[in-house]
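These notes open a run of structures that come right after.
Both complexes below contain chain A, partnered by chain B and then by chain C.
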Partner chain A sequence: MGINVKVMERPVGEASYVRATLKGLALTLKHLVDPHRVTIQYPEEKWDLSPRWRGTHRMLTTEDGKAKCVACGLCPTVCPANCIKLVPGEDETGNRYPLVFEIDEFRCIFCGYCQEVCPEEAIHLGRHYENAEFNRERFVYDLERLTAQTHPVSTLWDPADPRGE
Partner chain B sequence: MSGLDPMQLEPGLWPFLIATVVKMLVIFTIYMVVVAYTTLAERKVSAWIQDRHGPNRVGPWGLFQVLADGVKNFLKEETMPGEVNKPLFLLAPAVAFTCALVAWAVIPFGAPLPTPWGRIDLVVADLPIGFLYTLAITSIGVYGIVLAGWSSNNKYALLGGLRSSAQMVSYEVAMGLSTVCVLLIAGNVSLPGIIAQQVETSWNIGLLSVAAFLFLVSAFAETNRVPFDLPEAESELIAGYHSEYSAMKFSLFFIAEYANMLTASALFVTFFLGGWDIPFTSWDNTGPATVAKALATFGMFAAKVLFFVFFYIWIRWTLPRFRYDQLMSLGWKFMLPVALAYVVVVASALLGLDAAGIARGTRAFTLSLVGLNAVLLVLLFVILDRGRIISPAASRLERERVERLRRVAAARTTIAPGELR
Partner chain C sequence: MSATKMVSLTIEGRAVSVPEGTTILEAAKAAGVLVPHYCYHPGLPVAGVCRMCLVEVEKFPKLAPSCATAVGEGQVVHVYSEKALEARKGVLELLLINHPLDCPICDQAGECELQDYTFQEGRADSRYREPKRFNPVEDFGGDVLYVTNRCILCTRCVRFMDDVHEAPVLCVSERGDRAVISKAADADLTQPWAANVIDLCPVGALVSKDFLNKARAWELDRTASVCPGCSQGCNTVLETRDNVVMRMKPRPNDAVNQFYLCDVGRLDYHWMNRADRLESPKIRLADVLSPVDWEIALGQAAEALRGRRAYVVASPQLSNEALFLLKRLIGATGGEGAFRCATGPEAPLPGVDDLALRADRAPNVRGAELLGFTRRDGDLLAGLKSGDVLVVAGDALDGVDLRRAVDAATVIVVGTVLPVGLPTPVAVLPIANVAEEEGTFTNLRGRVQRFLQAKAAPGLARPSWYALADLATAAGAPSDDCALPSRAFAALAAAEPAFSGMSYDALGLRGAVVAGAEVAR
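Up next is the complex of A and B:
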């Protein structure tokens, strides 16, 4: 014990073992007979996600099944993680469309800027979290995969309506 | 007490041998299944106490978790650390496991069972010295742990083994002394004899409450259960004596721990809770033996033992672990003197009651002993149950040291960091 160690005054005279033990036993018994379980039994029960949940991406499509994306290049520009790869193409009528649109979900930080900046409301983040794959390559989502996703999409936070009312 | 007459079966070696082997097989099977499910019960109760669900994936309500664990332990790789003392390393789990099992042999688990070949005592081996046998076996059980700690060639395992041996030796004394009172009142060292005495008078938990309390606490220490599980204190010693064990050898230690728990519960029930005696009725221990009586008393015994197993688990998930010096001072400075004093008190009380002509088994005998115990319990839990009794920080030497430190600190001119706060 060092010189500068503060010596605590313990109430050893009042401290009790048996009564304190009984008190503890009563507490644990209370929890035993009246548990406050918060566990979600995952595969059977699923968590109710917030509407603002930002999960893996989804590309919305037009009525004829094509991606809404016009390859404007705003999302790769705004992306802070630099995870969107976009090669624009142009068809014979002069409409731009993405030749290559890939999102590396491992690089993505799920900030939601791409959804916010998209003028066509094409790229969205998803309310979705079951993303497991068996290899790393599968985490680079191409355009086909992004359009094929069906999970609900995120509603981003609106500064004009901060509480989502 | 004709039910406890040892000469019941047909004479001859074969009936005795066959009856004993059948009893051994039945008891072994039930015992192993119960031990296995005790591990599940531990996980379930701990989960419920902590507001969790516990294992619930294997089978309905997780009931097959036990089988999954068993298969896992059988299929795992057995590792043999370098430089271990091989014979002892292999012997240790066997010793721990065997001692946990064989202690059960002398515990009576039901009223005699009538069969066409005569009445069979529901106890595997009706030893006339059953009580001494249990003490001896539980003491040998410590060798499993000590040998495991010694042979592992691992400092943590060795420390665990050392702690365990010191702890077991300390609490063995208090445990033995607390059971001396049971022997005094029963006048017999055979376990069926002790049960017969409790049937005749009343359960020893009322007559010898203080001894029951001491025995219970010592049994926790003997089985290395929380709050006395210092041999495997994972925060200090990894896993203590079984750090180096893997697969089935580890599993044997694990089974031994739970088997010990079951044995200690059964001993407590036998010594203090009337064994297989069904309370508030004399139907079970008067008249001729019937199958119904045997089954009912076995059920009663199982219920009592399982309640204490539950109590063990309940305590484990309630109390934190003792510090090592607290453990030792509790054992030597509190349990031992109280147990010794209690032996003297009970002996004098019995002598006084005998001298006053109050026969054992009468209402006056029971009431006077219960009253004496009530007074002693109040003394123990209200007046003696104070931190200063077992806290070494409150010893006089320690207090003098603290005073000296305070004087030194007061004489210093510099400001100590603590004073700035």
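Up next is the complex of A and C:
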């Protein structure tokens, strides 16, 4: 008793691979002459960050190079991730100044509350994303490092549309 | 029953009945309504200068300052009516005209009444565009710094120095918007009770130099305690951050210290944070102290005490509970107990009855006397006999002639630090200090007051009642009934007639007076 095998009849025009191959090659050719680029050629090319981008912190300084921070304690209080360590004290002229100011960038959730709450406009989030280090300890940024960084800072909102309308 | 006539009135829709002559502000407090105020303070004479406590009273032609207006029968008072709120908003706006708004660098931020009421009732922004008045910071002497710009001229400090301290050093000088608080040229606030103006100041104008820039008010954990500085036993709040005592402030108690705390007591907290503490029990092995477990150290101490008399040198810094357990130890070994107390000049606060920095500079002299310890300020070791075991509990023995101890005795040390100059002790038991344990002190008028634990003890150190209960048990005076400070106190109350009927719950945070003590005030 033989097995009945049903042989499908397909129209030659649709079953042939030739048409699909040519179609694919045509698309490749089109992209060759008219580049529609999505991939960024990092690191030669850098991404244009939004003004609202929230990256690793920067401490702004006064004209004489000292941190603007007055150690008021609002940022460690508001920080939901508890990543800011602050010990207040006095500088050599008797003004209130942070003796220790450290941000653990691994703990930070980049919410931007510290920048928003700062009455002195001292601590800012950065428009910056290149943070690679060779060890974990380097991700605890101290005051010296925070003031030494030079990348642009976040505006937290879009200057063209400040109310987010 | 009493001759005082009661007056009934309605405040914010709440009926309240208060004695005749009470101010509306105090009546509102009794009704559970806080009228915002700056110049009024219950411990000071009424001035009525800040105009912050204005309230609307029905049938009055204009708003009344509630701190200076006595209640009347059937009055209807509105604290939060539109008219009263509008007036207080105006007062706040005027107070803030020359206020520097430097809250980020101000030590008062977080506990500032100007901040609180402005947030509650004030304007969101200022309409004042002219430059603000500026005056430099002035050092008022003592622990007090005067930040002129923040001052709202409530004159609480002036009234405290005039009427309570009775040392009129401060005054309001200049007039109008140039008015400032100034001090007399030939005197300053280097006075025994002057630092209370820091607590009285409702804003950050008078700040403590000791606490300056050290911590923010909202970071601090607050624990009810009793000042260990003298036998007055002022009620205090220990404020800690990260297990470090940052400052000590008075806690109101009408029966002891009202609202005040002297400068000596206020600054006498640094030793609570000292780092060179005994952290582990130790025993003597080949004449050298070696750290061991508690059980081994207690066993060694019990071994040394077996069949010998214990001569206990207790510190009046120890709690009633610890002294009671030492008394049990003395009873079990047939020994005796002695203590000494550092003394200094007495400094009364003239405006308050029976309040002074006392000559005896330890909190529990009365408790030690009640529990049968002999005061030996001269020769602390006078009763020590050859063959005794010297138990040093809490006392660091600075300046004591220790020759007798070297000759006569085996030594056991129970304390926070190791006394210098003693022969090597057979056992050393580390205990917690007053900020690290719970207990009670008996002040010089016989008032027993509780203090609570504010921070953790270092290393293996145990609370004194814990360590001494174990030591008493090991020495043959079973003290298994003292497994908690409250139980140790209950055992004390059961055994000592003076303390009978007392318990932690009954003491609360106000304390109670021992039986047979003259009633103070």
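The definition used in the following text is that the second predicted complex is superposed on the first by the 118 of 165 C-alpha atoms of A that agree within 3 Å, B and C clash if a C-alpha of one lies under 4 Å from a C-alpha of the other, contacts with A are read in each partner's own complex, and residues count from 1 in each chain.
The rule is simple: contacts are C-beta pairs under 8 Å (C-beta built on N, C-alpha and C of every residue); 3 or more make two chains touch, one makes a residue touch a chain.
Just so it is clear, the model here is predicted, and its values are computed rather than measured.
Student: Which chain, chain B or chain C, is in touch with more residues of chain A?
Tutor: B
Student: Touch test for A:Arg136: chain B only (first), chain C only (second), both, or neither?
Tutor: The answer is neither, since A:Arg136 touches no partner chain.
Student: Between chain B (first) and chain C (second), which does A:Thr77 come into contact with in this model arrangement: first, second, both, or neither?
Tutor: A:Thr77: touches chain C, not chain B.
Student: So chain A touches chain B in one structure and chain C in the other; where do those two contact lists coincide?
Tutor: Looking at chain A, the two contact sets are disjoint.
Student: What does chain A use to touch chain B in their complex?
Tutor: Interface residues on the chain A side: 1, 3-7, 10-19, 21, 24-25, 27-29, 31-32, 35-39, 41.
Student: With touch defined as at the start, can you tell me which chain B residues reach chain A in the complex?
Tutor: Contact set of chain B toward chain A: 45, 48-53, 56, 314-315, 317-319, 380-381, 385-388, 390-391, 393-394, 401-402, 405-406, 408-409, 412, 416-418.
Student: Would you tell me which residues of chain A are touching chain C in their complex?
Tutor: Residues of chain A touching chain C: 70-74, 77, 88-90, 95-96, 119-120.
Student: Residue numbers of chain C touching chain A in their complex, please.
Tutor: 103-105, 109, 212-216, 218-219
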